[in-house]
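Input: structures, listed below.
In the two complexes that follow, chain A is the common piece, with chain B as its partner first and chain C second.
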Partner chain A sequence: MSAAAAPRLSPVALMLVILGAAIMAAPLLWTLLLSFKPNADLMRDSGTAFSAPYTLENYAAILQGSSLVRWLVNSLIVSLGTTIGVLILASLAGYGFARLDFPFRRTLFVFVLLGLAVPEQAVILPRHQLFAWLGLHNSYPGLILPGLVGPFGVFFMTQYFRAIPKELDEAAMLDGASRLTIFWKVLLPLTWPAQATLGVFTFLGSWNDYWWPLISATRSDRFTLTIGLASSQMNYAQTSGLGFLMAQAVFASVPILIVYVVFQKQIVRAMAGTAAR
Partner chain B sequence: MADARARRLAGIAFVAPFLTLYVVILVCPLLMGIGISLHRADLFGARTFVGFDNYARLLVDPVFHQAIGNTLLLTLMIVPALTAITLGLALALNRGTVAAAWLRGLFFSSSVLSVTIVTLIWRFILTPDAGLVAEILEASGRAPIPFLSDPDLTIPALAITTIWWSIGLPMMLFLAGLQQIPQDIYEAAALDKAGAWTRFRRITLPSLRRTLILVVMLQTAAQLQLFGQAQLLTAGGPSGASRPMVLFIYEVAFVRWELGYASAAAEILFMLVLAATLLQYWAVRPREDQ
Partner chain C sequence: MPSLELNDVGKAYGAVPVLDGVSLAMEGREFVAFLGPSGSGKSTLLRIIAGLETADRGEVWLEGRRIDMLPPGERGVAMVFQHYALYPHMTVFENMAFGLRNAGVLREEIAARVGEAARVLEIESQLEKKPGQLSGGQRQRVAIGRAIVKQPRLFLLDEPLSNLDAALRMRTRVELAQLRQRVDAAVIMVTHDQAEAMTLADRIVVMADRRIQQVGTPMDIYARPANSFVARFVGSPAMTLAPVTLLDGEGAHARVRLADGAEIQTRVPRGSLDPGAAHDIGLRPEHVHVVATDAATLTAKADLVERLGDRTFVYARLGGDLPITAEDAGDSRVRIGDTIGLRIDGAAAHLFAANGTAHHAEAAG
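Moving on, here comes the complex of A and B:
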């Protein structure tokens, strides 16, 4: 970040930023605090969260046999499946649209881009019907497939392939390399930064998706973490207790916060890209 | 000649896998949706063609009107506040210090959480029997506030939760926009002894015009489709006071099983979102040469 345009903050601005930071952090810290409290104490009064005793029993309970681990595995399968699928499909199509010539190429590209204007609401109910006919509900393909058809990845990869100098392909072509070889050996390795950015975003989006898995995965053993936590939240009164519930929230946040911390650079770069468009 | 044909086939082969899925899972449902909205249909396949009856019913359905009103109110509460807050944060945190980097991380962190976790956290901030706000009020001797059940407070509660959740992306977009403003403009302005407010009005704000439009339109499209927060925090209640359009669609389809009626409502929402998106292009295009 450049510092030239950043004079010292006025005291009022500084106070506001600190207040904002407190409002951001307080809910996270409160959740963390509750997750370390015995449920019986919280049952009496959640104000006990501010004083000892603290315990790890809520986390132990998660690992010992709640459905949470199962949901975590489901989320990993669905999110990784979606991410890999998007990267493969978007790279192939992006290369095709950027580099190859075939009938109706421009028309087809526009046809794909129009999909960017279609919100999930316009397709989700008929898609639910379609997947019911195909017998895909409560299955991993049923959860993964809808994540593969977003046009953004294709648009993003096409732009990226277009920015690579054509001389590279031509030199390889003179050496007698096939299209597939050029794609696989010459160009694809150059797109790793784009793959990382698109991959992180696809993973985050898929991990946090709510609407589709809510209606497609109705059996508890097929829940993703997001849907599983929603069901615990709805049934909270009858079950486990506040501390356990909050430990679940923390447990479910950890994988995604790790992804965020590790891939912070890609996320920021992608933001800059969106703004520059 | 044969070579040209082979090359064309190769091109199609590269785009075919995506295009096939795109047509089957996006384009087909889009067209099916229009068809279903013209039928009386349940979730299990029974269909009767009813023309525009579903749309006519929506026009006079007070529950749907309430949902549209709630959606617009939420959008109006969230988008301007979120835009102003995130622009202010971006201006304050656009500097190279370690503290600024940590704060950017903190303000962005909530956006990687799923809606379920966000509502879980905020339920136990806002709920009057165990929430953090209630504990603080109690400690100072005041009565807890029923944020999640008072019809006047549910929408503001959803708005606050949503702002807390969504602050990261627009802040990052503004930061990226600020990075693209050439520094020499500010240096020239400093030589002219332009004050901070003048620099903001004359340089920063005009340079951020595209980002500003992008943020407003992305957020408008997102908030028109607000769903999970309302379903999980307030269940749209009390008596529909906080039910947005997507929750209406969900309930009609999956609780009342009236798929045709829900599809018609979904088409209307689609038109609303599309209008907001087109407005963005219209707002950006005319002066793009600047």
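Moving on, here comes the complex of A and C:
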């Protein structure tokens, strides 16, 4: 039924879509092919990407000697830590703003919304100073904590909680549930679509974050993938390791690819929602 | 001892009062309907009893225990919400068991109670489904089941039939009446549908303008409305109210004259009326009969003819443009625009003073 309801593309539109997809996919495909080429071949001519021989030696090198696995683990820790933290804090704050009656609730919510208007550039220096005083640079908390301050997440979850009928809270109150039970067993499970959307975007944002890790992580063993790959590029891109560099890029993309595949529905829905607004 | 007692309950939202000194006592396992138009305060009163709103003043007692200071879950009441308020992510079983689990009821006891309620409500085969997989009627039953399993002392039903289509509403109304026989608890139902109130309730509490207008059995309310609001609000089609002049005379009962000159002899005691004051006469449609014009007390022009099969209601206008509703036989030949004769059963007429106070006819004999 749903297939029948889907709009049919005209041949011209279909061609344009295919062309667009090819343009988008081409660099990715090229990266993939380069990653399987011996570095020596690429030194002579990077155009050899489209012909044999191909090799797995670049991937073997990653697993044997490079810091990439370390950076990958760092990125996973930082991104997962940020995501889990944001989901917990945004859910609690969203529930509070949406359901609890406390002094200055509206004023505080306006402050949260004002946070959306403050660019990261405006706070980066004081934050750097603060984290230096606290000795948090080159640490996981130092990389995770700034990501937890997410006004968008609070706003997003507040709106989602507000959309849940209050009758459910009231039914649960009559069922003898405490505030915590209502939050944990009745309302939170209903916010799963919002949690998934917020979680995916937070994870992707944290995974791809470049600026703050560049400032905070100055030691190689605390690099996240973005910083690590950038440092490799500066060292090798123009020299002998193009295939190795591409293998690193492919390797680094795998977790993000998994996130996209698993949460495809949430990402598309969130994007569609954004477009509709 | 009354099952539920409300003493001078008052509530305002900011500067807007919604309940003004409401007092009421329910006896035993009574089924009471709060009937009133939107904004009359009936839902607020129900929510105050449930503990979902706090009263600004007054007390709520349930079976000798003051409950207005207790949280909703400790009051011994259960509520069926207008939109059911089932937990969408839980199965039917989990929905019905949720309150019992919170109360620390043993697993075996929960299974027994939910199973019994499901059997009574014929939803045994739905227990593993989620509310989204159920029809409106089935959801309604689950909501009722969730209330039943808690074995409350008082059931609160908030417009329980308003979301159902006409056929299902009739069926559920019958089921509610049967259910009431099975549960050992008092029931309060909020509704703006007088047919629901009349058919289900032992007593009706008519509310308007933040106050109780009248408390009585359905037939009390219908036959002896306390004031012109109740007279107009209860009964379908509504009672006709038309201004009349009291005529001087010697008889024990008032004789009145309509604006078009027609005179009606009532059985309302003359002594209860203020001779110099303005009054309205109140006439139910079944007391205004369509007759041949030569045998009529007065004539009117038919505006609308409503054929219900077994009888016909004719909405007409008297001289002076006064609307009046009359009843005719099911095979009535009256058509829109016809001039019709009306015979008024004056012995059943009510009179209302300018402040709305009702004066009823004395019983014959």
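Just so it is clear, the second predicted complex is superposed on the first by the 251 of 277 C-alpha atoms of A that agree within 3 Å, B and C clash if a C-alpha of one lies under 4 Å from a C-alpha of the other, contacts with A are read in each partner's own complex, and residues count from 1 in each chain.
Assume a contact is a pair of C-beta atoms (placed from the backbone, for glycine too) under 8 Å apart; a residue touches a chain by one contact, two chains touch by 3 or more.
Note that the structure is a prediction, hence the values are computed from the model and not measured.
Of the two partner chains placed around the shared chain by superposition, chain C is the only one that A:168 touches, whereas chain B remains out of contact. With both structures placed on the common chain, the touch criterion links A:122 to chain B but leaves chain C unconnected. Within the superposed three-chain model, A:130 lies in touch with chain B and out of touch with chain C [touch as defined at top]. Which of chain B and chain C touches more residues of chain A is settled by the count: it is B. In the superposed model, A:181 makes contact with chain C only, not with chain B.
After overlaying the two complexes on the shared chain, residue contacts for A:72 are found with neither chain B nor chain C.
Contacts of A:190 after superposition on the shared chain: chain C is touched, whereas chain B is not. By the document's definition of touching, neither partner reaches A:61: not chain B, not chain C. Across the superposed pair, chain B and chain C touch chain A at no common residue. If you check the complex, the residues on chain C that touch chain A are 50-52, 71-74, 77-79, 81-83, 85-89, 98-99, 102-103, 146, 150.
Of all residues in chain B, those touching chain A in their complex are 7-15, 17-19, 21-22, 25-30, 32-33, 35-36, 43, 45, 85, 88-89, 92-97, 100-101, 103, 105-110, 112-117, 119-125, 130-132, 135, 138-139, 164, 167, 169, 172-173, 175-181, 183, 186-187, 196, 210-211, 214, 221, 225, 227-228, 232, 246, 249-250, 253-254, 259, 262-263, 266-267, 269-270, 273-274, 277.
Here chain A touches chain B in the complex through residues 1-7, 9, 13, 16-17, 20-21, 23-28, 30-31, 34, 42, 46-47, 49, 88-90, 92-93, 95-97, 100-103, 105, 108, 112, 115, 117-130, 132, 145-146, 148-149, 151, 154, 179-180, 183, 204, 207-208, 210-211, 215, 225-227, 229-230, 233-234, 242, 245-246, 248-249, 252-253, 256-257, 259-260, 264, 267-268, 271-272, 274-276, going by the rule given at the top. Per the touch definition, chain A reaches chain C in the complex via residues 165, 167-168, 170-177, 181, 185-186, 189-190.
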